[in-house]
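First chain A sits with chain B, and in the next complex the same chain sits with chain C.
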Partner chain A sequence: MNRYYLYLVLLNMLANVIIFVPKILIEYRYKGAVMGILIAVPIGIVLNYFYTKTITKFPEQGLPEITADSKHRWLKILHLGGFQIIWFSAGLITLIGFIDILSRFVNPEMPKLSLLAIYLAAIFLIIQLPTDRVMYILEIVLFLNLPLIGFIIFKAFTNEFLSWDSILEVGTHIFERPSLKSIAAATYCFSGYANLIIFNRVIKGKLKNWNLIVIFFLGLVNLFTTFLIPIGFHGSDGAQQYLYPWISTSDSLRLTYSPIERVIFLFLMFYMSITLISVSVHWHIAFELLKGTFKEKVSNKKNWLVLASFAGCSIVGVIFLNALLLDKLTVYWMIVRLGFEIILVGSFFFWARRRTT
Partner chain B sequence: MAINQVQSIKDSLKNKIRPAEDVVFKEFHTKEKYIEALYIKTISDETIIQDKLLKPFFEISSPDLFLDYLQSSPLVISFESEQKSLDEVIKGTAILFYQNSIFLFDSKVDRNNSVLDTTVETTIQGPQSGFSESLPTNLGLIRKRYPQTSLNVESTTVGTVSKTDVMIIHDAMRADPDTVTRIKQFLASIDVHMFQTGEQLLDIIKKSNRALVPVMLVTERPDRVAVNLAAGKIIILVSGSPFAVVLPTVMKDFMSSMEDIYQTYWVTKFLQILRYIGFLTSLVLPGLYVAVTSYNPELFRVQLALSIAGSRMSVPYPSFIEVLLMLFMMEMLTEASIRLPKAIGPTATTVGGLILGQAATEAGLVSNIMIIITSSVAISNFVIPINAFSFTLRIMKYFVLALGTLFGLVGVVVGFFMLIAYMVKLDSFGEPFLTLIQSKPSKE
Partner chain C sequence: MKLFGKWGWMVIILLSIFLLNGCGFKDIDKRFFVVSIGVDIAKNSPKKYLVSLKFAVPSPSKDNPNEFAIVSESADSMSEAVRIIKTKVDKEVDFSHAKVIVLSEDVVKEKGNAGIYYWFSRRRDIQGIAWTAIAKPSALAVLKVNPKGESMPSNALLLSLGKEGSETPYVISEFIFDMKYKLIERGIDPILPIIEAKKDHFEINTVGLFNKSRMMLTLNPEETKILNFLRGREEKSASKVTKGNTTIVIDTHKVKTKYKIHTPRGKAPFIKVNVSVEGTLEEATRRVPNENLSTYEKATEKSLNREVEKVLVKIQKANLDPIGFGLRYRSRHFNNDDWEQWKRIYPAITFKVKTKVQIADTGLIE
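Our next item is the complex of A and B:
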């Protein structure tokens, strides 16, 4: 089931647009973002490699099952608790960011909380499903949306207003000293592997190495597309002025013969479902890990308590975080995430090696 | 069996069956022997009794030889218990009291055994006849189309009052044994008074008895049953119903017509894609119309947005009322045309569809574009080959419409994926209802 693994990585690559990755990269375009991307690719691949290698030793098991009989309690709590927070906050940032986008571009007159309400309803429906069913939904969503994103990217690259000069200009800053922030942001595209922490349950058979090659190319193309297309459209200086560079970029595209003339609506409709499933996947993981930390079986009441706290966090987030603040927070969150990921992959790798030998 | 025991059983049986016009209790005598028979003549085939029982009775003179005849006749089952005999009598079996033994003589009349034409799942080419309403005939039809010795037929009864005969048919070589036991458990757990047809199972399968999406396929085509048997599915036949139930069923089965086999490859692919587009159109279009006209008219290019707004100019209320009004009319029309006699049917559609639609736009009650949307929703709804699923679709679109009304474009997209998630959540006897790549159940 190698394709499931690719879906998970691909999902993160697609969702990076919402979680401010292009914004961060474009901010550092003269200050090492290009080099940052080039460094992020090997880091991402190495993390992918070690994590998949390790987790393949435990076929069809999620982390709660793997660590069920572990004696290292602190390690277990670090893993379960740490990933919980990371994935919950990843979902939260994506959700709050996208609610903000929706209220800016689609429903400006509607209160943000009612937009949040419908998203929470759908997300709660999905995260309570068994893991394999979440995977099936992800597959359907990607199947319905990938042709669309392919089309949009094709339209973007073939657009006559895409200024290759601007792109090349940014390219000349390749030898700038890379900044940590841009590296952290760029590695987010590769961190879909960490979804395996729960989704390994549905993966049958070994994960083969050619996946890594696919991820390498996908990631490279994805990062440069995310980073350079907005620059190509808005100019190397102008791109910085947008809070959501990609949304504004898609609004610069025009389909001459289609009934829907403005690509932004196609793009937003496509991201409505991608965000939905991305948040659901992340929160499903947080939810399952939380279930895993409890020793006994989780009762229905506790379930609802957890969901209510998820809802509470997102309501608070939507009320108190505006887009600028969220953007600033996300930058630091990215760095924390990268550090955490390295620690977790490393400790999991060594723990698993000691255990199997 | 002792004589007094037989006598007591005879008396108790006679007491338990209320005297009615058609209950027959008769003694037949010859010089050497006599026999007593108890049966209900309206549900028993009296020619069978005449040919297979009375003729030999009068032809075979020796009592012992006649006992041998009875014991070796394939129509005769030996007595087991009083309750079982009662159950059999009210289904048309005759009870025979001969010497010191009791026999059950199978004289059930087989009515309604003519094979019907398909009326629900029609195809242009391929077999045209469906099932009959008689259980043995239906089983025969299946056996004829599926000549395999591994075909396994088990029978049980469902319904506390109706005691309907139900047959579970599967190919022992292909069907998943777990699924078979699960289905048997399910049938045994059913608690209803009247069980008339397999469609009732659609609701019974849910604990709450309230289902939206059918998770089993009800078909009237023997060829579909045969194809499904070969695919390892399990068939339930219900006595008195010309429909068979196919289990487990996934969404792909609901979207496939038998014609898919009878057409060329590309035609089939085209038709299948057409059906999925129809599904999508019917589900999303009403909600999308509301979302686009009331929330985001800038979605479409200017000319189109203007022409939609222009056609809505005379409409004095918001778009969702317009949509609800028209959909409501359309549902009425659909319902009415099912109920109407065939001769008046076309009139209703003409009056309702053409004249009413025309008049409604001219009176400024609904917009022209709304009429187009309503009719395309209605038409694409009927593209779904399996009736039960197309009815489900009729309801599901209101969910999308409601969310589209409340939340605009977001509501339509999220509502659509909520429905997808709901369908993914369902499973039909252990098989997920909706996945992108529906893999065949593997057997090791």
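Our next item is the complex of A and C:
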């Protein structure tokens, strides 16, 4: 099903708000973020192209099944282990970031760990499900939430306080030398394709090329929306002062005649489910890959051991990482992620070509 | 493991959530909702500011729904004041409904109040969409006004600052997030409406113009209206023209403003401002025949040209930029020192105002 592939890419595009992508881009707005975005789009599309081209040679198989009979053990470990760490940490950053947002804006008096406990319970329920069920949950969540986010973006674009002059002012810095950090952050929006590593199990038939065209336009619109709307509201000079540019932007929107006047609560409600499913998808992949690395069939005990370590990592993360530190770490994580992705896509592509010919 | 199945474990985990302590949430009857915040300069006190919070008092009867309480405290900073006010009330102070922020004239005229302006944005529980205004004679006086027919405390202010209630061209309303945006953004300066407290009503028809740190200039009602024309935010308005011994009033329903900054090589830079107004004739002291309407249009254009230019020059003389010409210049130039260039250009720039008035209708009679 081709639309499942789009959902996976779209999920990352939506989750980028939580994982500090707008914050990083806005920080480099005068130092090459615009050019960085323009460079990131072709990089993202090329990675998408090669990965989907390669993985459709193995219909309805995840990576553990594909590499089950491979003799290249190093490749297997690199793929299963590398992606596992990257995807687990992606989920972890999203989760810790959103727990921080929740405790800041929704319930400041509640301890963070109990917020985390609620989230972990729901996430663990989802990640143990079979892959196709996770996919269905993703479809339902997107189906329920997309109209809402569309409405919020429409409201933002038509708001009289959106200053197009500020947006254009940032646009005039297009010829600055792009920075690696902004490119790395911007490519995150396209890296949803890597979810296919497991979710290829549910994709039937070949992935067609029109998907790439859709992703190209979606990604371009998404990146510029995510980057420029906070600038339009908070200024080319002022937007970088905000820790969560999009949360503050949604707080600047007003729905005069709706039951809830402040858009921030709509926005947070929407992102509660998006974050939940985003973390679940990432951790589901990490979980399945981890199961793939074991040689024999995974026992129940091992299952719980893995889940306990996931929980332990997130508890440690919530305790020791505050939002400022997390933001700094994420910048470097983005660069590592981009490098890893390129290596993995490249090695997988050549390995698959040698194997099939 | 054998004791429960997979789902049994899940149920246990979910159930254990109920064991988590739920002291995080305070009930609504243990909260005291702030509806508006006022900041004054403290008098006869060593402290700098006098911060007043207006609380909505939930009343069981419908007879006086706008009952309120004001608690004030003088302190050197906002957070100190709020901390001390917390000791004066019995319930948790909740800012999530604080929708009006008034700063007294003395506060905004002084330098070095950035800490206050930023405090509102930094607090997570104060809305970005809280209306901000200057209070005259003092913030406390504005908070104390108890207008008739108010259905909840501070509602009258909300309605007149927002566009839901009365719509007039004399009010330029401002949100706190937009004020912060303009305090930082190079090339556009903040404007705040001035609320004057009368006995049991408010008067909002003037504005105060800020530079990046304090209020520099106030505009009278007519100038405020012209500024509103130029910002293109409010279209319902009226303009009065006298020609010969006939005075007519045009009720406008469409005002569009466009401006373009021209910097020709070797010549003095100028800003071309085009204002197009469309309206109906609302009142005339004498009979105005339909054939002569175009001459009245011409007369209106002339007087509007003069008025607009006067306001623009007045603002320019004070070296303020509430409309955002500087930002427009920055956004159209690709070089990095465009802001420094603009700072040299702006004091000497000339305005070429061109208005186009169209009287589309004369009402029900000729």
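Following the convention adopted for this analysis, the second predicted complex is superposed on the first by the 357 of 357 C-alpha atoms of A that agree within 3 Å, B and C clash if a C-alpha of one lies under 4 Å from a C-alpha of the other, contacts with A are read in each partner's own complex, and residues count from 1 in each chain.
Assume a contact is a pair of C-beta atoms (placed from the backbone, for glycine too) under 8 Å apart; a residue touches a chain by one contact, two chains touch by 3 or more.
Predicted, not measured: the structure shown is a model, and the values here were computed from it.
Visitor: Under the stated touch criterion, which partner chain does A:Ile137 make contact with: chain B (first), chain C (second), both, or neither?
Guide: In the superposed model, A:Ile137 contacts chain B only, not chain C.
Visitor: In the overlaid three-chain picture, which partner chain does A:Ile118 touch, first (chain B) or second (chain C), both, or neither?
Guide: Both partners, chain B and chain C.
Visitor: Mind working out whether A:Phe340 is in touch with chain B, chain C, both or neither, as first, second, both or neither?
Guide: Touch status of A:Phe340: no partner.
Visitor: Figure out whether A:Phe349 sits in contact with chain B (first) or chain C (second), or with both, or with neither.
Guide: neither
Visitor: Quick one: name whichever of chain B and chain C touches more residues of chain A.
Guide: Counting residues of chain A touched by each partner, the higher count goes to C.
Visitor: So, A:Phe233: does it touch chain B (first), chain C (second), both, or neither?
Guide: A:Phe233 sits against chain C, while chain B stays out of touch.
Visitor: If you stack the two complexes on chain A, which partner ends up touching A:Asn107: first (chain B), second (chain C), both, or neither?
Guide: Touch partners of A:Asn107: chain B and chain C.
Visitor: Classify the contacts of A:Phe58 with the two partner chains as first (chain B alone), second (chain C alone), both, or neither.
Guide: It touches nothing on chain B or chain C.
Visitor: A:Phe224 contacts which: chain B (first), chain C (second), both, neither?
Guide: Touch status of A:Phe224: no partner.
Visitor: Using the superposition on chain A described above, determine whether A:Arg262 touches chain B (first), chain C (second), both, or neither.
Guide: After superposing on A, A:Arg262 lies in contact with both chain B and chain C.
Visitor: If I apply the document's touch criterion, which positions on chain A are contacted by chain B in one structure and by chain C in the other?
Guide: In chain A, residues 107, 110, 114, 118, 121, 125, 261-262 are touched by chain B and also by chain C.
Visitor: Contact residues on chain C for chain A in the complex?
Guide: 1, 6, 10, 13-14, 17, 20-21, 23-26, 124-125, 127-129, 162-164, 175, 177-178, 180-188, 233, 324, 327-328, 330-334, 338
Visitor: Considering only the defined contacts, which chain B positions touch chain A in the complex?
Guide: Checking each residue of chain B against chain A gives 295-296, 298-302, 304, 403, 406-411, 413-415, 417-418, 420-422, 424-425, 432, 434-437.
Visitor: Quick one: in the complex, what on chain A touches chain C?
Guide: Of all residues in chain A, those touching chain C are 104-105, 107-111, 114, 117-118, 121, 124-125, 128, 160-161, 163, 165-169, 171-172, 174-175, 233-238, 241, 248, 251-254, 256, 261-262, 264, 300-301, 304.
Visitor: Chain B touches which residues of chain A in the complex?
Guide: Residues in contact with chain B: 102, 106-107, 110, 114-115, 118-119, 121-122, 125-126, 129, 132-133, 136-137, 139-141, 143, 258-262, 265, 268-269, 272-273, 276-277.
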